Every structure is written in structure tokens, then in C-alpha cells.
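One structure, pasted below without further comment.
Should a chain be cited, it is by its letter among A, B, C and D, assigned in written order, with residues numbered from 1 in that chain.
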């Protein structure tokens, strides 16, 4: 499976084309729209999230509620576009128009792609960079991920996410009854936190940051239950599933770290307390007494829940300004104030969930027979039987 | 650029083929052998490291000290192979021989690929898994990385690594005079630590773990200076350099996390203290007052030193046994004692250095003109001038 | 560079996303629309070509007439879609609706993807196959190719195509004054033939085939002038440019063969008459006295015009019916009559031109520096100087 | 599946690494050596073929006669290497040695990669090019293909090849009793021709060409029986199996054309005579009354035998010299006489067979479940049942 995305933050539309899906898989626009809505929620979001209510239009690849096997295209209109047709238009400008263009950006913001991107691609108007480097693009990454998540769900694989830290405040609740229960709690928390008390503190921290013209980051955790054993591979470094998940998480805007299972804690624990003892049961086959390694050993799933965490830095668009340099005048300035979120961590946890879902669905489709969806279901059932009886 | 590796831990040889190198680049076997030697050092290594002194034989792609542009093959003989020709031989066995084969493994070790790999590939003798999943394979990853490092060095890009934490003991020294000085200190430290005092404590912790039949992990840091601005890209998620580096680090055996710059600390700091202010100077162009983001913004290099860290869990091969299950008898056992390292973190920092070097060299070769090495040098010089004068 | 396409023949829209274009390259919707119009012309086309006048909408990646470096999305609406919303709709059907759906196809047509595609993807209604396997998809392949052709044109590389054979009638004119002159003649020929007399015979043959309820195929030739020397590579089989061109041509619907330069004639000529003697001139550097090898030696361009031919079989949709089997009843039938073209070779020559243009532009972007379009121009100029002075 | 190859014609060794094979597949060195021997035979070969008797050494990936799932490396020593250690050595030369180096090449041969390759990679000694562009590299392409062919054979898929034309002399026999019988005849023909009489004429033509200091080319045909229906895909142009086969054939040294089924004849036949009527039988399912389309419709297998042809131009190394230009002096010369084959078409048919086998095995492994070889066997059996009962 592969996908490409296109679209700028204030351009006409965001589009993704997904190639390699099985045929005969149930898929509705609602499946995707629900996830897009989840991405737009969260305490700490700015005004834009209210402007846009993202929904997909299906351009191809689906008929009467089922995938055709042909590429699926998903289109999200930018409702804002009507106000930007001049600034972001595709037609050439004459000199008068060019001079007149508003919102030209010569002042790069620290922590953004602005300056590096402008140097790389030779853009003197850095709007050319930020329109694409914007987290707006994650809309269609979520759309592609929603298709992946649907595929996983139909195979009995459950994906969820929650926020475990915001602005230094950590969730003290790590356990959850079931993934359904975890979802129920986090979907009702404005910061997607399992720990109600910590959640309230997080919201307070977000509000304080906002009041200070500042922003805060945090840590999100994605949990996946029901993956077959042995997805991924140890035989070549670029086939390891943990490596792919690390890339997926790190590629989300503003993420600076990723860890699996106990992650960085592994540097502080003795080997005897790090590894998960193997147990066996006639009914269910092999499992582990603990899950410190987060469901991944040797670059493969081991049948335990996947636990992947990523850290998002505070959003760089700041009310509290940082020094920078105008690329035209070379004069120092303090980075301009733009409307912004003070914390996007809850939304980012939804994005992370979908980035992970994509990698898992993709790995499954690559590893198993997948032309016909019912064949995929049968192949995985057979594999699970093989694993159970091994 | 791309490469493949082949070889089992006790098989005849380890091989890598590297495709896509520029032609006319100076390259000697010594360039690679030096790095292989660095990989074999470090306090806490077991006996095997003494048995093998790895050197490469060049099978193709190099003539009279220069790359040809054709694929480079590098071969490392396993000196141990002569003792394993029966157990690891390629020819079929008759039934008597098959029954007689020694070192058959039916007892999966927790924390290894043993069990998942066996289920995935259907191996009842788990030697078939561990021979490949072994960290022995990193020998040729280092060999490929050494070629990449040479390319970077010839472009004035310096790569180094050091150990910042072992078994909970953290290096207190973060600053270094220059990358050359950092190398000088860490190459002379048996744990590759900048902080002499912490280094002594780390060695003590390793010895204690060994005495207890236990093992410990740690955190390594790779530092790269001299990368051109704008390597990587923000335009598509799978072209982001930070994502590629995350995958490279996470794909190293036993790594469970990766972070860039301040990494997970970003969850605890306000936005106003996270981002790096942009400054400009007529001579040198743009730079940053600080380097909290570790040289990567928007999925691209920003001209500051790259700072990438990874965490390695304690080596799972334990003298202090863990419970597991024999796959033949389904009986519980405590994981068998094998000769082993009690800490491989210093060596892993060398591997991480090479994994990072590969990704950077590969990104450079992909992004710039690279058929002729001198053309690559000129193209980068031109790009650096463009960046400086932007 | 890479691209994906999506869309069914009677679905809502055809879309392509192109990723990897240089930034700062001039690009207008007209550049693409002109090529789309060329694809719709040609003696022998059926009614559908009149229904649809294809034009692209740009969804992203272009601003004020220039590429941004971000992915470019191009959308072509199917004007016919309004009549097909029920038959090709994306929403699920209830049982009554499902039974009522018109134009369900249980009768596979010989020479189409119908039956194999239905078996592969498990479709009992073969409309699910033919909607995607239809040559309608070449619309967006031409759109992507038009972007590639524009890039080539801006680098002074000229791409043209003409029809050299239809239904056994061969063009007797092989020489052309210049590529501009070739274009002038072929653009004015309803069968895109350089040889006016042969062109008239071809049209007669097409009309006769139509009158007989039959169809005919032919051979198209793509010519490219101005490629730099050394694009492609001999160092690895999958990097050879001739191999990529062969795949590009063969992947066009209904193509069954491809040849370069003298092609299959090479089996009948002695080596002394096949190869092109090398000459040299102080002003222009190396060239060849002849061009039997069609501009490609050792998997690379040699500076001579590229000459690539492909053969298209007669369109399988026939008025003159062939026997087949209904997949539901397993009864024999004679393949159903559908409106159709009796010859699509002239249009296919336009498609071939764009398939070739894509491969060439892609090879150039991969081989040279290409982040900034002006950098690409400079890099190729420098390379051409190097080649001339070699 | 993927593979890389390394090695120069007179370098130490040729190596291939194959990644992505199923585990548990029987594989012996003999399986490969037999095919390497077939590649070295054929009327018209020069002396070198007698010098080298190629055999593989297995460097990894196989144990006790079965694949491990890990990458397989295959090494072929160049027996000639001992005479070339100075000329092709890897160590740098001092000035005296450099001046003294023999067999430096400044005179490019028409029809070779020499000149373009030298310009591309900046080699003033064109030995740096021809050592890699030499057809010697096809040794390891055959080795990789032999592994693929073994995989196919174990799945009941039979691959064979024969020569259908040499130097204008065409085989008049197109029919064969069975693929086994075809093999029996062609393996005993020095020109691998089904038609004994034509074979004798071909040999005469080869001898005459040799006597004249000339060379001749020809057309080879690869036939494959037993492929499952629906391998490849129509859904995206780069997934079409015919496109992949075209690339594979065209990437063989000296090939200038490829066709499938009736190929270029399709330009001369009416649609009513080109397509293959579909028939059905309760026992065997669907098949075709004829096989004009060579087993491929819509970019997929249709269950009929695959018929793929390629044309090889006469070997450019000539006794009968062609004009060229010395790149140092810029003086005209007539291309130097080297020992050479006067016709390599029979050997090329063996190479083509393996190039095709690789693509098919690779497509099968990608499309079906393939971690465990027995799982692949079961998955294909299940698919074949599905196809039969469709």
C-alpha cells in the first residue's frame, strides 16, 4: 500500500490517493469523516478548527460501499479557499498584481520549516513553504489512516490513542479495563487523557500558556490490540516494523521523539526487569506475562498490545515572540503574532493513531494475500491458527 | 542509494552490496576496517569480540582507490565458520545427520526475535531465526555506514557519537570544544563517554551487572556537523529526514526509542524556551542562537549540528534467567545461559553513528547531482553559497 | 518523481498527484489542457470523445503560475458522471436497489481485463473491473505526462510522436526536416501520420474496419530531441533508461510490443550495419554518424534523438462479436456490442508521447539537482558543457 | 522480492544478494549451477566461455538445503582475476604504477556503454565503464533468476526459452508437444532452436559472420506455463505485469525490443483475429481457444502460457571495425579488435528466461502470502481453486 497527499493550507483542496487496498472491503465516507472530526477537537485549539468542518468527497475507488481494488481518492475542500483565491491562486500574476499580493512572508518563524524550506526550494515568499508545511496536511494523512483503521477494525484489530503528558503534567493512570473503555474515557476528555485529575491540570496548563502567549507540548500514546504475531521482519533492517512506526510518528509535524514500550526507561532498568517472560496456554498459544517491550520484539509484533509513544514540541507559532531575521532586509525582528493553538497535543494524538494505523495496515497488506478482502481475512485467520498451534 | 546485507552470525560470511555511490570517490578498505574495529570495542563485551577481528574484502565497485559508480560489495568472513560448517552448512542432511545436528534451539529467549520469528517463518529450530536476528549483522551495516561516513567526510561533514547514559548513570558533560575533541575523548573512553567521572561509574555498573548475571542498557547520541541546509523535505511525510533518522536508529537491534534535540524534554518546556532564534551574519548567513531542535526543523536540516539520540535496552541474553516455554514440549523453562555481553551500549553508539551516516549520505546523494563525485562537491558548494547569500 | 492516479471511467473524477517536481517551474492549466485535447482527437474515435472535453482543475502544488515544490494534484471531472450516480455511486445499496442496478456485467469481453480482473479481485459484476481498466485512465496519465513534457520543454528537450503503421499500412516517410516540422504535419493529420498518402490509406482502412464492425491497431513512434548524454545508467539493470521506457510503453492499454531504434530489424542485420559510428567536433563534442540504436546505448542516452516505438493491438470492444462465457450462467455468448472506437492508434500515440515524457523527466529529476528549477537548468547546462568538452 | 548485483568483468567476484524469499523453500547450489552452465553454452561463443566455468558459493540465507527467509547471497569467483590483480586492483596506485597500468582504454566502441558511461561518470579510462557494462554481469542475474525459477518450478510453473530467429533466419516450427519436449529439443540444439533445419542454417550464418569478422543478432522467446490467473494488475500502470516483463527483457545487454504474444503483428491484423475467445469447462474453469495475446490481458496473466520475445542486436565488439574517436587525442580510429563472440543469441535466450522468471516469482511473492513456503503453496492452491470455480 502507498499513498500520496497534495494540498496547501489555504489552497483549494487537500487530496490523497491510496493505492493497494484489497477489493471488496466495506468503506464509507462516514468512516473517514468521524476520524476527521476527532482530529479537530481538543482543548487548546484556535479559531481555525471551528471554521473548517472537514468531510471527504470520494473521487474514485469505491462503489456501493465497497472498495474496488482500484486506487481510492479522497478530497477535502478548504472552506476558507474562497477568501484566498487571489493570494493562493494558480494563475500567473502581472507585475501590478504581484506587487499587490497580500500576506507575503519574508519573516521566518523559529521552529517552522519557513527558512530552511525557503532556502531549499528558493522561495522569497515563505508563504510558499508554510502553506504546505502546515499541519493542515495531517487532515488527509488522517483520511488515509482512517481507511487503514477501517481495514484493521474489520480484521478485529483495535487502535486507540491517549495523551499521557502535557506541559510537564503526567497522567498517573496507565491501566485501562479494555480498549473500548479507554476510548470511552478519552473521547470524552477535552485533552484525551485517561486520568481525569491530570486532565484537569493539563487544561489549566493550556489555559495558562495561552494567557502567557505561550504554548506547550506533550506526549501521546497509541495502543493497538489484536495484531497477528510476526508482522514486520528481522531479516532486513528496513523491514522492521518498529523502524517503520518510528518513522511514521517522527514524520508528524512537530514531533521530536518516539519510543516503544518502556522506551527510554530501558536505559535505567536491569535486563532482568526489562524483558517479558514467555508463557503458553493450550487455548490461546503463546503470550507474555508483561508487556514492557510494547508488543514489538526483533522488529516484529509478538501478539501483545502495541504501545508507541511520541513527543510533540510546543507549537512554534507564538504570541510570545522570538527573535528572527527578515530575509529581505536582513533586519532582526520578533516573530509576528498569528492566531494559533496554544496546545495541539490532543489532536496530535489522533494524528499519531492514524499514522500508526497506516503502517500496520500497510504491513498486513504487504505480508498477507490481499487482493480480495475476504481472502485477507481467511489468510490471517489461518496464520493466527498456525501461531496458536505452533 | 540503497544497500542490502546478507549473512548469518555463524554462517560463512557477511556481505553488503551498496548501489548508487558517486563515481570517482576515494575509498579504501582501511576506511571501513577502522570503523569495524571501533564497533568491536567497549567495556562490557563478551568473548566473541576477541575471536573476530573483522576486516572487509572488496568484491567489486572500487578500482585503484576510487569508486567506479558501479555497486560496491563488501565481504566480511566469519572466522568462526570453520567450527560451524556442519551445524550451519548449506547442503541438505540425511535423516541421521539431521537428528545429530547440535545446537538446535527449541527454547525461545524473551526479548529476542526467537519466538515471533519462528512463528512467522515456520522454523522449529529457532537457530534459523537467531542466526540472522543477531547483532552480528550490524557488522555490515557499519561497513555500509563507513562508506557513507567517508563520503560525508570528503564533503566536510563530521559524524561522531558518544554514550550519554548507561544503567541509569548519566553523563554530566554535554558541551564539547569541537567534534575532533569529542572524538579524542570518547575514543579513549572504554564506554565512549565525554564525562570521565560518569564513565568510571558506568564501568562499575557494567561490572556489577555482570557479577549479578544481569545486563544494562543506555542512551547513545550521534552528532553531525556540517550538513548543508535543507536536506530532507517538508513536502511529503515520507521525505522528512527526521523520520528517516528515526527509522534508522529504531532498526538497530535492541533499540526502543529515538529522539532529536531536546526530544522528550519538549513535553515539559514552554514553546518560548523550545525554539531556536534565527540570527544572520553577512559572512556565514543564517544560523540559530541555540540548538534545542537538534538541527532539524520541518523535516529538514537547518545548518545546526544534528543531535540524535537512541535508547538501547539491556541485552536480553541473560545469565540471570527468565521464564519461557519450550516450543516442542511446551514445558516452562528458565532461559538458557549463553556467553554474552553484559552491556553493548558503547558498541551500539558506533552502530548508531553509521546508521545515521548512511541516511545522511543517502539523502545527499538523492538530493544533489551525484554521478561524478567532483560534481557532487561542486553542487554542494554552490548550494551552500546560495544558502549563505539567501 | 512519482505519481499516482485514481478514477473510474464513469466515476465522479479522475485525479493524479505528482510528487517530486522542482519548485519554481512555470506551469499552467493550459499546458496540460492542450495535451488533453490532443489525446481526444484522431480519425476513428467513437462518440465518447465528443461528450467529454477534458480540462484539469489544479487542486494544489501551483501558485501564481509556478510550482511550489509540493505535490501537484490535477483533477479531471467526468462530465458523464451525472448520468451514472446510481450505477457508480459510492453509497451502499439496499437489496432492492442492488437488484435494480443497471449495466451489471457478467459477460467478459475477450482482450479485456474483464475476466482476469474479476477473478483476481473477486468481482461478480465485471463493471467493477472495466471501469478502472478502461483507457479513460490515460487521461490523467497524459495530464501527468504533460507536466513532465513542460519540464522537458523548459530544458530545451522536444518530444513528439507520430503514427508509423495502421492496419498493415506503413508510413513511407521516415525523415523529417525538424521536430517542429514533424509536429506541424502530424498535428494536422487525422491519423497523425507524416506520410500524407499513407495517412489517407490509413483513414480508409479505419473506415472499412468500422463498416465491417471490426477494429485495427498500429504502431506509434515517439521521438525526443535534446536529452543530455548519460541519462539512465548501465550499473544496475533496474536503472537502465531503455528498460524504463519499455515498461512505460508496455503499460499503455492494449500495447503488446516496444522497440528502440531499429528494434526487431536488429535480428536481420549484421553488426557492421547496426552500430552508429562515433564522430567528434570541437564545437559540439561527440555525436554519431547514424542513429540506428535510437539514441540509447548501454541503458543511457547517447545524445542522439530517442526513437521509441510501440504496437497497439486493435481495440477489443467489437461490433463483430467473439465468443465468450457468461460467468453467472456459464453459457456461451457472443461478446456484446458496445459503442466503441474502431481505431485508437492516433490517440495512443499521444499517450505514448506522454508516457515517454514522464520517464525522461523523472530520470532527469532523479539524476540532477532539482529542488529549485533554476538550479536544475544550471546543473544540466554544466553537465552539457562537461560532455561537450570531454 | 528484490536483488542487487555487484562485480566487474575482470574483478575479483560477482555477487548477488536476494532479499524477500520465502523461508523453508528447498534450494541447492546445483539448482543455480545448472543454469549458469546453460548460460555459457551456444554456438558462436568466444574463448572466454571456456575459461570460466561458473559456480556459485552460497554466502548466507540457506541452511541444510532450505531457505531461511533471510537474504540469500550468491558469489561467483572470476577465475581470470589472478591475471588482473594489478589492472583491476582496489588499492591506490602511485604515479609510476598509474602510468604503467596496462589495458587503459581511451577508444570507445560504437554500440557499447563506453563513451556515454565515461561522460556520465567522468572516467578517462573507459575500462572503468566496460568492466561493469559487460554482459559478464548477466551471470549473477542468471543466478538470481535461477532461484526464482526454482521457486516457480516448486509451484508447478515451468519456464523455457528458445531461439526463433538469428541473422534473419527464422525458425519455422512454432508448435511444441509439451514444454518438456521443447526443452529436450532446444537443450540439444547448439543454437537452442526448435526447428532443426533452421538451426543448421543459423549455425552456418554464425560461422559466416565470424569468417567475415562480423556479428549477428536474433530473437529469443520465453515461454511460461502454469502461472495462476490474475498475477499483475490493471489498477495502476506500474503494477502491470507486461510492463515489468518488458523492462526485464529490455534491460538485458544488447536488447532493443520486446513483444508479447503476436506482438508487432497486432498492427497488421483485424481485431476479430487478434483476440482470444473465452471458453469454460467444469473441470478446469476458464481458458482461451487461442493464445494470440501471449497469456497477458489487462496487465495480468490469463492462465494461458506466457509468450514473451526479445530482440538482441549483433554484439558490438567487432572484428570488422567501425569508426570512432579517441577521447584523449580526439583522433579518428577504427574500433580495436578484441576477442569476441560472433553471436550470443543462444546464451541470451537463457538470460531472458531468467529475467522473466525473476519478475514472475517476484510478482507471485508480492501478491500472495509468502513468509513460509508451504503457506505460499497453500495460498496459490486456494487461489487456483477460486479461479476454477469462479
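As a convention for this text, contacts are C-beta pairs under 8 Å (C-beta built on N, C-alpha and C of every residue); 3 or more make two chains touch, one makes a residue touch a chain.
What you are looking at is a predicted structure, and each value in this text was computed from that prediction instead of being measured.
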{"item": "Chain pair among A-C, A-B or B-C whose interface repeats that of A-D, sharing over half of the contact pairs by residue number", "value": "B-C"}
{"item": "Pair joined by the larger number of C-beta contacts - B-C, B-D", "value": "B-D"}
{"item": "Distance from chain D to chain C - Cα centre to Cα centre, in angstrom", "value": "27"}
{"item": "Centroid distance [mean C-alpha coordinates] between chain C and chain B, Å", "value": "44"}
{"item": "Euclidean distance of C-alpha centroids - chain B vs chain D, Å", "value": "37"}
{"item": "Junction residues of chain A - those touching two or more other chains", "value": "4-5, 19, 69-71, 120-122, 132, 230, 233, 235-236, 371, 375, 386"}
{"item": "Touch list for chain C against partner chain D, complex", "value": "4-5, 108, 110-122, 129, 132-133, 137, 141, 165-168, 209, 212, 214-219, 229-230, 233-238, 240, 242-252, 255-264, 266-272, 274-280, 286, 288-289, 293-294, 297-303, 311-316, 318, 320, 322-325, 327, 330, 332, 386-387, 390"}
{"item": "Chain D-touching residues of chain B, taken from the complex the two chains share", "value": "2-8, 11-17, 19, 23-24, 26, 28-29, 57-66, 68-73, 75, 88-93, 98, 101, 120-123, 128, 131-132, 371-372, 374-375"}
{"item": "Complex contacts: residues of chain B adjacent to chain C", "value": "19, 69-71, 230, 233, 235-236, 366-369, 371, 375, 378-379, 382-383, 386"}
